[in-house]
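Two complexes follow with subunit A in common, the first pairing it with subunit B and the second with subunit C.
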Partner chain A sequence: MLEVKQISVSYGLAPALWEVSLSVRDGKIVAIVGSNGAGKSTLMKAISGLIHPGEGTIEFDQRRIDHLPPHQVARMGIAHVPEGRRIFPHLTVIENLKMGVLPIKGQKRAQEILNNVFNLFPILAERQRQLGGTLSGGQQQMLAIGRGLMSDPKILLLDEPSLGLAPIIVDMVFEVITRLNSQGQTILLVEQNAFLSLEVAQYAYVLEVGRIVLEGEATKLIDDPHIKKAYLGE
Partner chain B sequence: MYLWLLAAGLTLVFGVLGVLNFAHGSLFMLGAYAAFTFYGKLNINFGLSILLSLISVGIIGAILERFFIRRIYDLDLPYQLILTFGFILIFDDLVKMVWGGVAMIPPMPGFLEGNLTVLGRPYPFYNIFIIFAGLAVALVLWLILEKTWWGRMIRASASDREMAGAIGINIPFLFTTVFVLSAMLAALGGALGTPVRVVAPGIGTAMIIQAFVITVIGGLGNLKGAFVGALIVGILTSFGILLFPIFELFIIFVVMAIVLMVKPEGLFGK
Partner chain C sequence: MLIDGLLIGGLIIVVGIGFSLCFGVMHIVDFAVGEWVMLGAYTGFILVRYFGHDPMIYLPLVFLIFCALGWAIYPLIYRAVSGKRHNPVLMGLVFTFGLSILAKGGALSVWGYHIQSITTWLSGKSLALGPLTIPALRFSGFLFGILITLLLMLFLYKTRLGITIRATAQDREMANLLGTDVRKVGALVYSLYAGVTGMSGILIGALFSIHAAMGVKYCTLAFFVVVLAGMGYVPGVIIAGLILGLLQSFVGVYIGGRYNLVALFMVMYGVLLITPKGILRRGI
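And now, the complex of A and B:
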C-alpha cells in the first residue's frame, strides 16, 4: 500500500535521511524504531507531504505522492498524528475532531466515524465541549489520534504516541492501537519505546542516524542481540 | 466604525496569514474610489454600488494574495513591510492616473440624508447607519468564525498551519479566501465612507496608521481586540478634536504607548 523507495532528505546541508526504503502492507502495523534524532519524524513528515524528499520516491496505492502538498496527501487517505500531538488548543474537543473530517466524506459517514472514535475514547465524548488545550496529556493524545481517524484513513501515521505520557496511559494508547489494527486499520508507528512497539507491530525497521540498519519480523527483532543491547536495555 | 472595518481585516490577515499588510489602507482607498465611480459617476443604486465595490476590490485582493503576498509568508516582517509598502505607492499612483489627484466628494444617498435629534443635538442619519453597519459586520464575522466550517478552518490554521495542512485543509486556497475577506472589509469601510469623506489619493495611508494603532492596542491578530480598540481610538479622536485639536493624533499614540508598557501583547492579546 505504501512504498517508500530510496528517499533522502536534508535540512540545508545537514542530511536527515539517507536512501531510506520501507513498505507497509494493507492491514499491518509496521513500526519504525530508533533513538531520538534518528530521523523518524522526518520520515513521517516526508510521507505526509510536510517536507519533500530531495531524492527517491514515495508511492501510495501505486500513485506517486512525494511532491503533493499535504492536504492532497491527506485526502488520498494518509492521516498523520504528529509528535507532540499538535491538537488545536483553542478549539473544543468536538471542533478538533470535526476538523479531521475531509470535505469529500458525506455527513452520514462522518457521524459513523465520530461514533466509532467516541467508542474508542469515551472520555472524548464526555469532554466534547471542553477546549482542546485544557485536556491532560493523555487525553490530548487520544484527541490527536481521534482527529486522525476522523478522515477515515487508509493508513494512520502515529509519531511517538507514548511521548511524555504516564505508563498506565501508554498502555491504554497501545491497547487502542492493537484494537484499531484488529478492525483492519493499517498503521505506521514511530516510537522510541522499542519494546512496546515491537510487541504490537508485525514488521519493523530500525532507523539509526538517518539510515535503515535493520528490518524484519517484529517477533524476531525483539530477540536480536543488537536491538536488545541498543534499545531494550539488556 | 470605518476604523473598525479596516482594523478587522488587518488583524484577521495578521492573525491567520501572519502577514502585516500595510497595503490594507490602499484597499480601503480603492473601495472608496470604486464606490465613488459606481455610485457618484455611473449613478448606480447605492447598495448595489457598494456590493460592486466589494466584488472589485475582492478580486484585486485575490490577485494580490495569489501572486505576491503568498510568496512572503515565510519571510521576516521587514520584507513584508517593504512589499506591502511598495503596493501603497503603486496603488496611490494608479489612482492618480485613473481618477486624477483632486479630492472628490460623491453625493449623499437621499434616504440617508437628514438628522436625528439626540439629547437635543442633531445627529446625522448617515452616521447612525454606519454604526449599525459596523455592528452588523462584527456580528457576521463572529458568526462566521465561531459557527461555520470555514471559520473553524480559519481558527485551526491560525493556531497550527502545518498541522491544518496535514489533516487535509487546503491552506493556500484558504489563505486566499481570508485575504479576499479582509480586502472586502477594507473596501466596505472605504465604500461606506465615500458620501461623508473626501475621496483622494493617500486616504488609505492616513487610515492605516490609525488602524495599526487599533490592532496594537487590542492585540495583533485578535478581532475582539480590534473592535474594542476601534471604539477606544474613535472616542479618543472625537474628544481629542473637540478638546485639544492640535493633539488629536498625539492622544491615541499616548494610549498605545501606555498599553504597550502595561500589557505589551495588547488588551486582548495572548
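And now, the complex of A and C:
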C-alpha cells in the first residue's frame, strides 16, 4: 500500500534521512523504532508531504506522492497525527473533529465515523463543546487520533502518540491502536517507546541516525540482542 | 458624544476585523488597508457620478468589485510572503506598503488634490431618540458596521468554511495536513477582507471626505484596533473598535481634535507595554 523507496532528506547541509526504504501492507501495524533525533518525524513528514525528499520515491496505492502538497496527500487517504498532538486550541472538540473530515466523504459517512470515534473515546463525546486547548494531555492525544480518523484514512500515521502521557493513558492509547487495527485500520507507528510499539506491531524498522539499521517481524525484533541493549534497557 | 464615539466605532470594527483576519490567517500585516478604504470611497463616488442613484445601493456591487480585486492581487502577495524568503512577515509588510504607495500615487494622479464627497439621501438628516439627536448617516454607518460584523462572526463561527479559516489561523501546517488547501483559504480571506474594506469605504467617504491620502488615517486606526484587540484575535476587535471610537470623540471634545493621534498612540504604547497580547490577552 505504502512504499518508501530509497529516500534521502537533508535540512540544509545536514542529512536527516539516508536512503531509507520501507513498505506498509494493507491491514498491518508497522512500527518505526528509534531514539530521539534518529529521523523518525522527518520520515513521517516526508510521507505526508510536509517536506519533499531530495532523492528517492514514495508511492501510495501505486501512485507517486513524493511531490504532492500535504492537502493532496491527505485527500488520497493518508492521515498524519503529528508529534505534539497539534490540537487547534481555540476550536471546540467537535470543531476540531470536523476539521478532520474531508469534503469528498459526504455527510452520512462523516456521521458514521464520528459515532465510531465517540465510541472509541467516549470522553470526547462528553466534552464536545469544550475548547481543545483546555483538554488534558491524554484527552488531546485522543482528540488528535480521533481527528485523524475523521478523514476515514486508508493509513494512519501516528507520530509519538505516547509522548508526555501518564502510563495509564499510554496503555489506553495503545489499546485503541490495537482495536483500530482489528477493525482493519492500517497504521504506521513511530515511537520512542520501543517495547510498547513492538508489542502491538506486526513488522518493525529500526532507524538510527537517519538510516534503517534493522527490520523484521516485531516478535523477532523484541528478542534481538541489539534491540534489547539499545532500546529495551536490558 | 458618547453615542457619537460608538457610532464611528461600528465602521472601524469592520475595517479592523478584515485586517485582523488577514494577519491571523496569512500573517500579512496589510499596510494597504487604508488604500482599500480610499479606493472603495472613490469607486462609490464614480459610480454615483456616472450612474446616479443613491450611493447606498452600490454597497453590494463595490463589495463584489473589491472581492475580485483582492482575489486577483492575492497570488502576488502569496509569492511575496511564501516559500524561501527569510522573513515572510517583513516581506508582506514591504509588499503591501508598496501597494499602498502605488494606490495612493495612482489616486493622486487620476483625481488630483481635490477633496470630494458623496452625498446620500441620509446626509443632513437626523434621528430624534428621546433627548438625543443622532445624525442619520452616522447611525446607518453604525448599523452597517454591526450588521457586517454579525455576518462575519456567523460565517466564522457557524459554517464549516469559517471553522477552516479559524483553524488555519491557529495552526496552518496542521490544517494543511488535514486536507485544507491553505493557499485557497488565504485567497478567500484576502478577497473577503478587500471586499468588506472597500465597501466600508463608501460609508466612510459619505461620513467624512474623499481624497487620495485619506487612507493613512484608517491604516493607523486599523493598527490601533488590532493591537488593542490582540493581533489575529477577531472578537477582540469589536471591543477595541468601540473603545477607539469613544476615545476619539472624548479627546476631540475635551482636549481638541488635533490631539487625537497623540492620544491614540499613547494608548497603543501603553497597551503594548502592559499587555502586548491585547487587552483580552488572546493575541498571537
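Criterion: the second predicted complex is superposed on the first by the 234 of 234 C-alpha atoms of A that agree within 3 Å, B and C clash if a C-alpha of one lies under 4 Å from a C-alpha of the other, contacts with A are read in each partner's own complex, and residues count from 1 in each chain.
The definition used in the following text is that a contact is a pair of C-beta atoms (placed from the backbone, for glycine too) under 8 Å apart; a residue touches a chain by one contact, two chains touch by 3 or more.
Being a predicted model, the structure only gives us computed values, none of them experimental.
Participant: Under the superposition described at the top, does placing subunit B and subunit C together on subunit A give a clash or a fit?
Facilitator: Subunit B and subunit C clash in the superposed model.
Participant: Identify the partner contact of A:H90: answer first if only subunit B is touched, second if only subunit C is, both if each is, neither if none is.
Facilitator: both
Participant: A:H71 in the overlay: touching subunit B, subunit C, both, or neither? Say first, second, both or neither.
Facilitator: The answer is both, since A:H71 touches subunit B and subunit C.
Participant: Applying the touch criterion given at the start, work out whether A:H80 contacts subunit B, subunit C, both or neither, answering first, second, both or neither.
Facilitator: both
Participant: Who does A:K98 touch here: subunit B (first), subunit C (second), both, or neither?
Facilitator: In the superposition, A:K98 contacts both subunit B and subunit C.
Participant: I'd like to know which partner A:K28 touches here: subunit B for first, subunit C for second, both or neither.
Facilitator: In the superposition, A:K28 contacts neither subunit B nor subunit C.
Participant: Once the shared chain is lined up, is A:R127 touching subunit B (first), subunit C (second), both, or neither of them?
Facilitator: neither
Participant: For A:K40 in the superposed arrangement: first (subunit B), second (subunit C), both or neither?
Facilitator: Touch status of A:K40: no partner.
Participant: Shared contact residues on subunit A, subunit B side and subunit C side combined as an intersection?
Facilitator: Residues 48, 50, 69-71, 74-75, 79-80, 82, 86, 88-91, 95, 98-100, 102-103, 147, 151 of subunit A touch both subunit B and subunit C.
Participant: If we count contacts the way the header does, which residues on subunit A are in touch with subunit B in the complex?
Facilitator: So the residues of subunit A touching subunit B come out as 48-50, 69-71, 74-75, 79-80, 82, 86, 88-91, 95, 98-100, 102-103, 147-148, 151.
Participant: Quick one: which bits of subunit B touch subunit A in the complex? Just the residue numbers, please.
Facilitator: 152-153, 155-156, 159-160, 162-172
Participant: Enumerate the contact residues on subunit A facing subunit C in the complex.
Facilitator: 48, 50, 69-71, 74-75, 79-80, 82, 86, 88-91, 95-96, 98-100, 102-103, 147, 151
Participant: Per the contact definition, I'd like the list of subunit C residues that touch subunit A in the complex.
Facilitator: 160, 163-164, 166-167, 170-171, 173-182, 282
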